[in-house]
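Here come two complexes built around chain A, the first alongside chain B, the second alongside chain C.
Let's turn to the complex of A and B:
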């Protein structure tokens, strides 16, 4: 394998695992609450800019800076729950879609006022350090992103499938009313879902910052790729989001290098539309056939 | 009897509005009339969107893409090919409608947010193609030098004269939409939105109705885009980005989905909103998004429903 190919592979995996995190946030919310959150991208941007505030503007060491930014993102998830989800809950899908799009606009422009239009370049904990992998120079940050993303996914998986609270969350996702009759605090589970969504998107934002720039408009492009990822993977499937995210990341990097850098995003959406038309349940299928 | 009277009253009100609209340019300054033209041009696209979203209940985030199709087709035909705009505008309109059929046939098997995401993908792809296909669509520089309309030697290039072109197009578009709404096609669209399975059981071709609604929506968008291109004499990909699709939906929801008058009112309100709130600067978009959210939560049927509510209150008060 050529050196360039390995580099592209690793950066594709890194970008793809960020998409996987965002896709998971999307799926968690949609599964538990039935809300399709079109402001997911803006939540990623908020996570990224919180790490800018703590890491660059407040000049904290990166450990506490990341922790603070993650806490901030989780709190942001709770605010989102109270301000957006509660009033829009149980409204028609259309209302929720437009509502979350509108709140996305509000968030994005508030971020513009708070942080300005000049992009920041967040530091990586590894600086510009480079690691040798099979003779190819690989940025240490890319490996860090992959490791953290997969650690988070593992933790999430353990939480949902191995703990009592996770079982309650799954119960709420399956049948809200039955869960309530079983004495599960449904509203508390919703809050928890939004906290997890905040953590996942926040982590995605923190990780993606040093790879690209922290720009207030960064949300939508990332969210669009995450949409594509979960459609390719399967809308309600956790492994689907991971595989879909990595496929999209790889397609983006390899497509840009070997096919056309101008049309790399078009390529992703073409694949997404093809999947919607030919295999709408995605690679990993979906429990209930709601799509067509 | 009562329903007949309300229809009569509505028709009278519509006629009054249109006559007022005819004499309006005399009282509006140059910049105001340009914004008004933009509002009316958007209104055509939003009336179209009302077929797909308001009547048939299809969530589409592709309207700006179809507006772009119309704008680019007429731009290419009237500059590179050299056709008269009077010919290129109808071709662009019909071409955009055909595009709606081609896109709609496979995509309309999807529902809800899947359809929203697929149409979003179309809109994003349109902008990517327009940005990168430099030889035909001019890339980020767009296409400039699109000729203004002229009528047997009379130039319709000024904003004041172009107002009447836009006004006439909107009047025809509104009338057609009104006729379609009250025809069996319009009723079938609403039936599909209300209960797809029951409509199918009543042997109405659900897919055909959906494709018709989508194609009509694209047709109106094409006309809107073509008129836009000949007003600004310049098209670029940014004017047809996903954000504009969201604005079109916002216009329809603010005015009142499922209502032609609501579509027009929403377009005018949303187009003029930035002008009214110019002092807010960057904070404008925050206020705009917040207002939209409040309308969605408290007035799900749009601002036009407010008149009904107020009238009802007045009636009960006077009793």
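Let's turn to the complex of A and C:
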């Protein structure tokens, strides 16, 4: 493999890992509540800016800074549930979706007031260290992003499929009323879902900050690519979000290098449209009819 | 009557009271007697807010200083700001709103070309002079007699970048990386022509989207193509990302970069060792050494807004003072102001010397800088004239 290819591969994997985390946040909320949260990108930005506050403005060491930012992101998920989703949950789905779009705008402008318009450059635990991988210069932070993202995905997978609480969450996702009749605290499962979504988006924000800088408009482009990733991978599938995220990240990098940098985004969205036309359930998703 | 009464007397009274309340508490935008109200279309929120904030601040400062010196045409100056975000339709609506509400004798237009291109037909219809900072050459190609550009146009920036890479640094194999929009694409094409005319080779041209965060694939391609110098046509944050990625990828070649990266907010994102081989153009040499007026402006700006002034936003400060000079002479008649702006000659502002040409461009030079080693401080190299 050429050095160039290795460099692109690692960059694509790092970017794709972030898309996978954000895609999982989309899926968690959608599976539990039936709603696509269009404020997911702004939740990523909030995670990033909380790490700016703790790591740069409060000058905490990075361990506590990240931990506090993650706790803040989880709390933000709870607030989101309490302020947006809970009051609207019995309304038509389109009302809830519009609610998430509007709260996304509110979050973005609130972040602008709170943190200002000038971007920040958050610190990485590895500084600006570059490591040699088969002759290719690779940012240590990019490798850290890949490792943390996959660790988080593994933990999430274990939590959902190997624990009793995860089973309850899946029960609520499959049939809310039946789950309630079985004695499962549906509202608590909803809160937990939003906490997990907050943690996933918060982690994504914390991880991308040192790579891409923190600015209040950073969320939407990430969420858009993550959305394309889950359509490609399968809207209801955890493995689908992971594979879709990685595919989108790699398509961006390799497409820009070997096809055309001018059309790299077009390439990603072309793949997404092809999936919608040919295999709308994505790589791992179920057909709509199978879910009924 | 059996029919249910839909509007009771009490409801009607409540409606009237509410209506009166709204009338009383609606902010009055129309110009008061004894003041001259002008409009300003500023990207206060959205992705363009980094430069929008500077534009906003510099006009606030100009307004207060002008009023402290007697206002304009003997009246108090009031600048009515409208947020144009990052949307053309919002910019057009904001323009129509400010024209309807205050019928201004002059409007400061957006600092972004696409918004100004969208607004330009309305400017003609309204017959109100407009000053703007967007650099796109497409604006002056409109030959609109009501429009005046208060910073260097993008063609001039492309000329400066290409000239400095070839003549200044003596490089022969140039790679061009640019943001893919109305700013970057024409700039890259113009720079390519100038590089070739100078006898050098363009080994590659790579684009990225304004919202992109990773340009490593594009930079890798340019490196593989054998570039010995990069021309980077970018805004602030994206340009800073290009420099960061170059360092991470150990691509150790000189970079000549556009003005967006040279403003303090963007330079502060870049580590000093990432700036080692960077040369950049700036709209103006905005440093205290230029004289006491510039030094006072920079100090007052920093004291008031807690951020450093940059040349991009500060041109609106100069624009406001040029407006005062013209209005003091001709009053608030729109056609007379337009005619007054057309004959501005050698006006020495904070950012530049302003002389209006036949296309409405008022600034005709750019400054080129390197970076003092180990710092983020620009060091003036040369001026490039149109």
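Just so it is clear, the second predicted complex is superposed on the first by the 286 of 292 C-alpha atoms of A that agree within 3 Å, B and C clash if a C-alpha of one lies under 4 Å from a C-alpha of the other, contacts with A are read in each partner's own complex, and residues count from 1 in each chain.
Heads up, the rule we're going with is that contacts are C-beta pairs under 8 Å (C-beta built on N, C-alpha and C of every residue); 3 or more make two chains touch, one makes a residue touch a chain.
Please read these numbers as outputs of a predicted model, since none were measured by experiment.
J.: In the superposed arrangement, does A:36 touch chain B (first), chain C (second), both or neither?
T.: first
J.: For A:265, select first, second, both or neither according to whether it touches chain B, chain C, the two together, or no partner.
T.: So A:265 meets both chain B and chain C here.
J.: State whether A:280 touches chain B only (first), chain C only (second), both chains, or neither.
T.: first
J.: Is A:228 in contact with chain B, with chain C, with both, or with neither (first, second, both, neither)?
T.: Only chain B is touched by A:228; chain C is not.
J.: Once the structures are superposed on A, label A:128 by its partner contacts, choosing first (chain B), second (chain C), both or neither.
T.: second
J.: Check the residue A:112 against both partner chains and state whether it touches chain B (first), chain C (second), both, or neither.
T.: In the superposition, A:112 contacts both chain B and chain C.
J.: Considering only touches as defined above, state whether A:205 meets chain B (first), chain C (second), both or neither.
T.: neither
J.: Looking at the overlay, does A:99 come into contact with chain B only (first), chain C only (second), both, or neither?
T.: In the superposition, A:99 touches chain B alone.
J.: Show me the chain A residues, by the header's touch rule, that chain B contacts in one structure and chain C contacts in the other.
T.: Comparing the two interfaces on chain A, one with chain B and one with chain C, the shared residues are 109, 112, 220, 262, 265.
J.: Provide the residue numbers of chain C that touch chain A in the complex, in ascending order.
T.: Touch residues, chain C against chain A: 45-47, 49-50, 52-53, 180, 206-209, 211-214, 216-218, 220-221, 224, 236-237, 240-241, 247-250, 265, 268-269, 271, 307.
J.: State the interface residues of chain B toward chain A in the complex, per the touch definition above.
T.: That would be residues 53, 57, 59, 106-107, 109-114, 116-118, 120-122, 124-125, 128-129, 131-132, 242, 246, 249-250, 253, 282-283, 285-286, 288-290, 292-293, 296-297, 300 of chain B.
J.: Residue numbers of chain A touching chain B in their complex, please.
T.: On the chain A side, the touching residues are 36, 84, 87-88, 91, 93-95, 97-99, 101-106, 108-110, 112-113, 220, 224, 227-228, 231, 235, 262-263, 265-266, 269-270, 272-273, 276-277, 280, 290-292.
J.: How about chain A: which of its residues touch chain C in the complex?
T.: For this pair, the touching residues of chain A are 4, 7-8, 11, 15, 109, 112, 116-121, 128, 130, 137, 139, 208, 211-213, 215-218, 220-221, 252-257, 261-262, 264-265.
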